[in-house]
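Structures follow.
What follows is chain A paired twice: with chain B in the first complex and chain C in the second.
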Partner chain A sequence: MDASQVATPSINTEVGQLIKNLASSDVDIVKDSIGELAKTADPRLEKFFELYRQGSVYNWPTDSGVVRIVVNEETIMDDDFNEFAPLLDPLSGEPYLVADVQAKPDLLELEDISPSRKLRSLVNSSKFLLRLFSTDYTVRLSGVKKCGDPSFLPAAIPYLEEIANDETEDEKIRFTAKESKELMVLSGAVEAKKSTEDRLFALSKLGDLKSLRAYARLDTFEGELESMPELSTQELSEAKASISLIRKKIQDHKDTVELSGNLFRGVSYGSVLVLIALGLAITFGLMGVINMAHGELMMIGAYTTYEVQMLFGHTPDNPVNHYYLAALPIAFLVAAVVGLIMEGLVVRHLYNRPLESLLATWGVGLLLIQVVRIIYGDNIGVNSPTWARGGFEISQDIVLPYARLYLLGLSVLSVGFIYFIIRKTRFGMLIRATMQNRDMASSLGVRTRKIDRLTFALGSGIAGVAGYGWTIIGGVTPDMGQTNFIVDSFLVVVTGGVGELLGVICSGLGIGVLTKLIEPLEIGTFTVGPVWGKVILLALIVGFIQYRPSGLFAPKGRLADKK
Partner chain B sequence: MAAMLGLAFSFPQLHAVKIGVLHSLSGTMAISETSLRDVVMMAVKEINAGGGVLGEQVEAVVVDPASDWPLFAEKAKQLINEEKVAVTFGCWTSVSRKSCLPVFEEENALLFYPVQYEGEEQSLNVFYTAASPNQQLVPAAEYMAKEMGCKKFYLLGTDYVFPRTANKVLKAYLKAQGVPDENVMEEYTPFHHQDYQTIVSKVKEFAASGDACILSTINGDSNVPFYKEFANQGLTSDDCPIMAFSVSEDELRAMDVPPLVGHLAAWNYFQSIKTKENASFVKSFKKYCVEAGLPGGAKRVTCDPIEAAYFGVYVWKAAVEKCGSFDVDKVRKAVYGLEFDAPGGKKSMHPTNQHTLKPVYIGEILKNGQFKIVYSSDGLVSPDSYSSYLWPDGNFPKPTGGPNGDGSL
Partner chain C sequence: MIIHKDRLVESRRTFFFICLLGFVLIPALYLGGILSIGDINMLGRFMTFAILALGLDLLWGYVGILSLCQFTFFCMGAYAMGMHLAHHGGPEGIIDENGWKIPACLFVVYPYEVGESSGDALVPGFWKPFWNLPVTIVLGLVIPALASFVLGYFVFRSRVRGVYFAILTQAIAVACWLVFCRNDVKLCGTNGLTRFDVIAPSGSLFTFNPVDATDDWKQDNAESPNMDLNKDGSVDQLDYSVADVGFSLSDPGVQLSLYLITVACLFGSYLLCRWIVNSRLGKVLVAIRDDEPTLNFFGYKPYTFKIFAFCIAATLAGLAGLLYVPQMKIVTPSNMEAVRSVMVVVWVAVGGRGSLGGAILGALVVNLLYNYLTSEHDYGFFQWSPDYWPIFLGLMFVVVVLLLPKGLIELVDRVKSTTFVKSIKKEETES
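After this line comes the complex of A and B, so read on.
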């Protein structure tokens, strides 16, 4: 087979020739070719360099030894688990065709041409440089940023200036371009602007930009100045004074970012807590069942989401994002049905015996865990819909992740849903009547058995929704209920006041915000961190419960009647 | 699974030698340990098909210590005293190994331990077939500092003995390399920690200078929320690469991989090692999982502990055949210095310190949940049972256990 016949069109260009040189055994030829390739500013090369650096670019020589540069990222296996390497065209990323079919040779036929260690950093910086010309927003942004990170790319400065002055360009990218350029000057990476004045001037510009990236480098810069013999004492103290002025300026911005970040993270964590406790607020709060299988009902919701994902065929390579919306009602229904069955078989016999209900539901939980483990094994993954990745920058440096925003919305929606059902519908009225005074409701013709059953199913369904929401930020394992949820949800419900929806919301958000304010605290050299944060929080809650045994809001409903 | 558990109660066959398998099949550690049980059973099946060991069929006695540490000691006792096993393959967490170690030393029995750990131990009753710290931690930190040009290191781990000791070694190494203290951060989270918002935002601040990386010893189910939060806050491997010591192909099965592309892991084996032997090992493991009807089936992958558990059985077989006996003391002597072919290539056992000489690999996560090997050591790296970074004067503690119970041979 002759290479010239099988080569796909994109390779027959000047770029294609340069790429072929990469297979050369002469290091200088390879090095020159990398430089030449970077100069072409061909946006297709960014991806190529990434693959090349990683070692996914191979030479697949013909029988007569003609170089064919191909890409193989992942191998495939046939039914007998033999491994093959489907090849891609290095530039277009399309399948590499031989006689109109994608070539899939045995991997051992491919010759590894990955760059040597010495060349790898050159390839890497060429890659970042090429990113400046990408048409993809995130790629361009990361290129603009990386040019200003160590090890710096002074060659990018003219392009960065161009981008910074381009009014049609996105604001964030223009900002980062300015920042990266000044950062290079600050770090003394730019030959023409190496003097202390130039560097201090760059720093003052970065101060105006309130650049957090510059803040992270202030100490290094200060240390560098101190070790410069040519600076007089007076110059040094002047320089130090201006540095501390700028430090103060950025520090203010940083404090604002941190505080608002912590508040958002607290609200976000709180909304997750509200969501996971909401179902329990019904089954335990309203009905008085100490439902230890609550976490497992959430797990059912999470696994349902996984099943729906499989059903829709959603994979990261081939996203079917609407699967995630479809999974919401399905997770609710499946968990509700499981709850219904549980109620019918176990819980209904134990309504007036809370301790037995604790043990029985614990047992049901263990059973559910083991069943799921046998069916699914342990390692399964729910792939988030692609829109849930990344975040929204609401103001400079404050990023709200989409996944968190979605959960916040889901939480509000679920609370609204429960409120609507309990307060605004006939069914809700019957629930309240039954839970407040069962005998009276029954004598007035309410079918209390049916109400019990449906209420338990409602609580279980909401737990399923929580499990569904969880998949977007967390992992899915059979024992996720026991390890992650059961303690937290009881904590929220008990602190909030058993039987009161408002209590759950207040305590969930309160615990969330408090945790996120305690966790980052620094006392001297000691950082509180998650371990001590949890200890302090639990101590606070214990103290609070001592002071208000019935939680934030006094209980109403069946539990209260018992007292 | 029932059939395998049933083996514990099956009648001994004629001319059969018993071996013990001590891995959790329920509880929190089942997620990792079940795979090791599977691969040991596969090795036993292969050995039996090839005529057994010294002409005797191998009979595996599988017990379930249920992720309950004291139960490991109890089950080990049962295997040694009641089942009279010749050797035991088992344990994952260090605490489970520490729990049953006194039993193995008291009875002078033999344990093959297949998981990378923090070192600081050398019992003559254990053969450690996975990495000691200098075969995983130090080369990885070196790679980050020299190849990736990182100057700041965020040591992030789950709060238990492996991460704490590992970070001690890492800190000592970084200090020796001249990394100033303020460029090294250390933080721990409880087991099953799920909310990484605060930590990731701290990492973001730490990495703003563009030359930082994370050395992660986060274990188990915390990895999923950690990596998800990392990606959701807009960080990528370009901004701050994560070098993980407890994330293998098996863990990646449970993760949303595309946002993780480019992050790294250090191991002594990857499924993507390109050799004929490895290809056939991967093939047989997948086939075995399909035929045995195990969850995951053909989607199952091999990883470092799976390889280490697998070749452990063959090391024992080779040693038995070398000395012609099942006697623990003779087998122990035969293991020392033994050279053997593992799926990932040639390896050998250390002549004195109970550990294994292995190559070190560093891999970058690919879209398909496999690793692209970007670094491999020149040849095999000799294991240190005690880290020279923690014992700078070289006065290592003496080994423990053995035939005389005092660490002497």
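After this line comes the complex of A and C, so read on.
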């Protein structure tokens, strides 16, 4: 059903009549009118219902007592403290004109007709009924869904059936419509199908749909059945048996959804770890420099993204989505330049002195954090591009958020990029030569200083990309690197084996998935949660390096003792 | 053997430095009215940091192991003392059904299970040993020692070295910090332990639980209006503020004594480290730092020595924590943040890695600087804001590592040691 179809003039006049009934002092008339209004499905009513619920709708009776429904949201006060209310038309939202000027009567002339507490929930649900006919997909979906949630909207049933049978409608909406309809029957909210058999039948349908929303209702329904005196013991036990059968069915589905959700979250977290650890694998793994300011380079990437966003003027209301693509190379370059400066001033004096490089770069990190904090304050908002909202539903109830998918893709791309550079380009060959045998490379004419500089800049740039990617899912603060990632990502590098890209990928994904699988575990009444999950993971890593002191993929032979 | 003489010089100098400055000069300045008791208290706290730095210097300067979780061990000692002081602190708090008082700081953030009410709160079992002061002191030293032993055993045996060890210890520091921040471990969460009142009340020295303590006290105070005796002799409500007569932590005399005890402990720690470093054991430790594979080849087991040094460092950290809390009167998990443990490394690096006197010097200098630079100053041409401190600190990291690899003690050496060495040489030639 299309919104434009229902907004015909004949209905309009009807709407105008119905609205006037709201001023009635008889609660039943008001109630009926709200119901009738909802059935008209006039899209303009959604705004009106919201205003009505808030209490912004008034009656401004004429001198002869004729009802005029008006909207007033803000009042104006003059110098004598008289409050005047500029009026708006209830449906169009335009100024309410009397003799071609906006009417601004004294506030005292307006009669408050805001709904009582009881009616307010009705108004609210009517709002959702209207949504069933919205042209916007998400609005329509939320409307369809809302019908099946308490307090139920039995009035919506015919529309829901229509939607469920509409071949042209979206699959997800049709499914939700069926689900909502059966949920209403299950709860006993539908007058025509109040018998226990009908409700049980609805339940079995929900079981076939594998409805997760029904799962939460099972206990209430079972309790309700038990308290029904008219059921015989046999009937009750039969009903219970079928309930437990359906519970099992939905439970299985729920477990699958949760497991796959956790797995995806794990892979996603792992991909973040890999992205961060990738830069470290270069600076730490290849060059042997402990760059404790790595997290701060990430932070710089994130702040660069913020700056680019400001430059493009991207806001949630006025999206300029391509800023996000433009920010990628810029974040890389800015972080790389900062890395280059760092290398020139500090790090180059500290090759082969890893512990000292740890301290000095930590100092650089502190400095960067504080400088950024002085410039930007404690918290800034990076608005992710609008396409990153929502997710891709690969199977019923398993939703992969676009933001996480993007991050996963970014991570794969970065790994590919680094692999390509290190393994397939001349620059990469020179890097490998320099890191394996500096003196030999130097004597063969490789300018090792230049290679050092560029390698460090490459690692730093990748850190910037990691920070850029992070903005799509997480908050940006000056100390984001220190608090969230630096320890974790070093653990990834250590576990994976130093200097091995494959090791970083395996341990990053492994740690990510393991974390997300451990966290939701429940032992008795104790849920593991993020903190204990971290402790357990750490214990596992300490245990792991008992057997593989140099990580998953240890360098072999003469290289093994070098680092 | 000129190295040996240098060491002798440094040893003597530090010896005199601690005695003169710590025991004589600073108390004299206080008695002369130049330093306030607040300054004494602050210096006392910084001296505990010096003990912490000594431990790390032994570990990092001599054995070459960089531990980034020293403040975690410090907090183990600190929390031991904190629990002890909380047991005897403040009149607030309620009595649980076993007659133990739930300290106010714990009561405020007690993690009730679903369905529990405030009357169901119990003092956790692991709090109970800390009622007794001697037990607290022993536990405050033994717990970090044990923790470091277990960690060291697993880590050093599998030959985790250098930066790997540093990163691992940092991860452990972060994990411990997260755990201590939680309310459900019943260590008062992020609020930390606080509301300390008295130290060493009679009940804490000779008894192991408040019930015994009250028995003694009941006989002395049978007619006290503060006590509500039941017919069977049990007690409903105890007024601990009357029951526990100890030394008030806000009393200047007590604070000065705590300061002196801290200096004495620092002196003792210094002697211990000096003794270890000068003994044959110390030479093995230095050998580990300089060439571990060769030492291994000679038939030594480096990991046993490493574990030993790690345990000593952790125990010293525990001692520092024990001494710190009565002077600071609060202990929170923020002390365990990763950056705090890195700070210890900076103290040692600033003072002079591989020089015990340097570690003490570094801890005092950096902390005094911190104290000075985290308040506002107007130099006329320049307004110093506390916001600049992290920048200053960061620059200090870099400058020390790049320009002063041997630390401040090197500067002192250049000025002083020449005269000392000359005098020793003179003595030798004369004899």
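The rule is short, and it goes like this: the second predicted complex is superposed on the first by the 444 of 563 C-alpha atoms of A that agree within 3 Å, B and C clash if a C-alpha of one lies under 4 Å from a C-alpha of the other, contacts with A are read in each partner's own complex, and residues count from 1 in each chain.
Criterion: contacts are C-beta pairs under 8 Å (C-beta built on N, C-alpha and C of every residue); 3 or more make two chains touch, one makes a residue touch a chain.
All values derive from a computational prediction rather than experimental measurement.
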{"item": "Which superposed partner A:231 touches (first chain B, second chain C, both, neither)", "value": "neither"}
{"item": "First (chain B), second (chain C), both or neither touched by A:262", "value": "first"}
{"item": "Touched partner set for A:519, first chain B, second chain C, both or neither", "value": "first"}
{"item": "Which superposed partner A:326 touches (first chain B, second chain C, both, neither)", "value": "neither"}
{"item": "Chain B versus chain C as contact partner of A:367, first or second or both or neither", "value": "second"}
{"item": "Larger contact residue set on chain A - chain B or chain C", "value": "B"}
{"item": "Which of chain B and chain C A:531 touches, first, second, both or neither", "value": "both"}
{"item": "Doubly contacted chain A residues - partners chain C and chain B", "value": "370, 373-374, 531, 534"}
{"item": "Complex contact set, residues of chain A against chain C", "value": "290, 345-346, 349-350, 354-356, 358-360, 362-371, 373-374, 482, 487, 490-491, 494, 531-532, 534-535, 538, 541-543, 545-547, 549, 561"}
{"item": "Interfacial residue positions of chain A with respect to chain B in the complex", "value": "54-56, 73-74, 77, 80-83, 107-108, 117, 120-121, 142, 145-146, 148-151, 212-213, 215-217, 219-220, 254, 258, 261-262, 265, 268-269, 272, 316-317, 370, 373-384, 388-391, 399, 401-404, 472-477, 479-480, 483-484, 515-516, 519-520, 527, 529-531, 534"}
{"item": "Of all residues in chain C, those that touch chain A in their complex", "value": "60, 66, 151, 154-155, 157-160, 162-164, 166-168, 170-172, 174-175, 178-179, 181-182, 293, 338-339, 342, 345-346, 349, 387-388, 390-391, 393-398, 400-402, 405"}
{"item": "For the chain B and chain A complex, residues of the former touching the latter", "value": "1, 26-28, 30-31, 34, 147, 149, 151, 159, 182, 187-195, 197-199, 201-202, 205-206, 208-211, 221, 223-225, 228-229, 231-234, 236, 238-239, 250-251, 253-259, 274, 276, 279, 282-283, 286-287, 294-296, 298, 364, 366-368, 370, 372-374"}
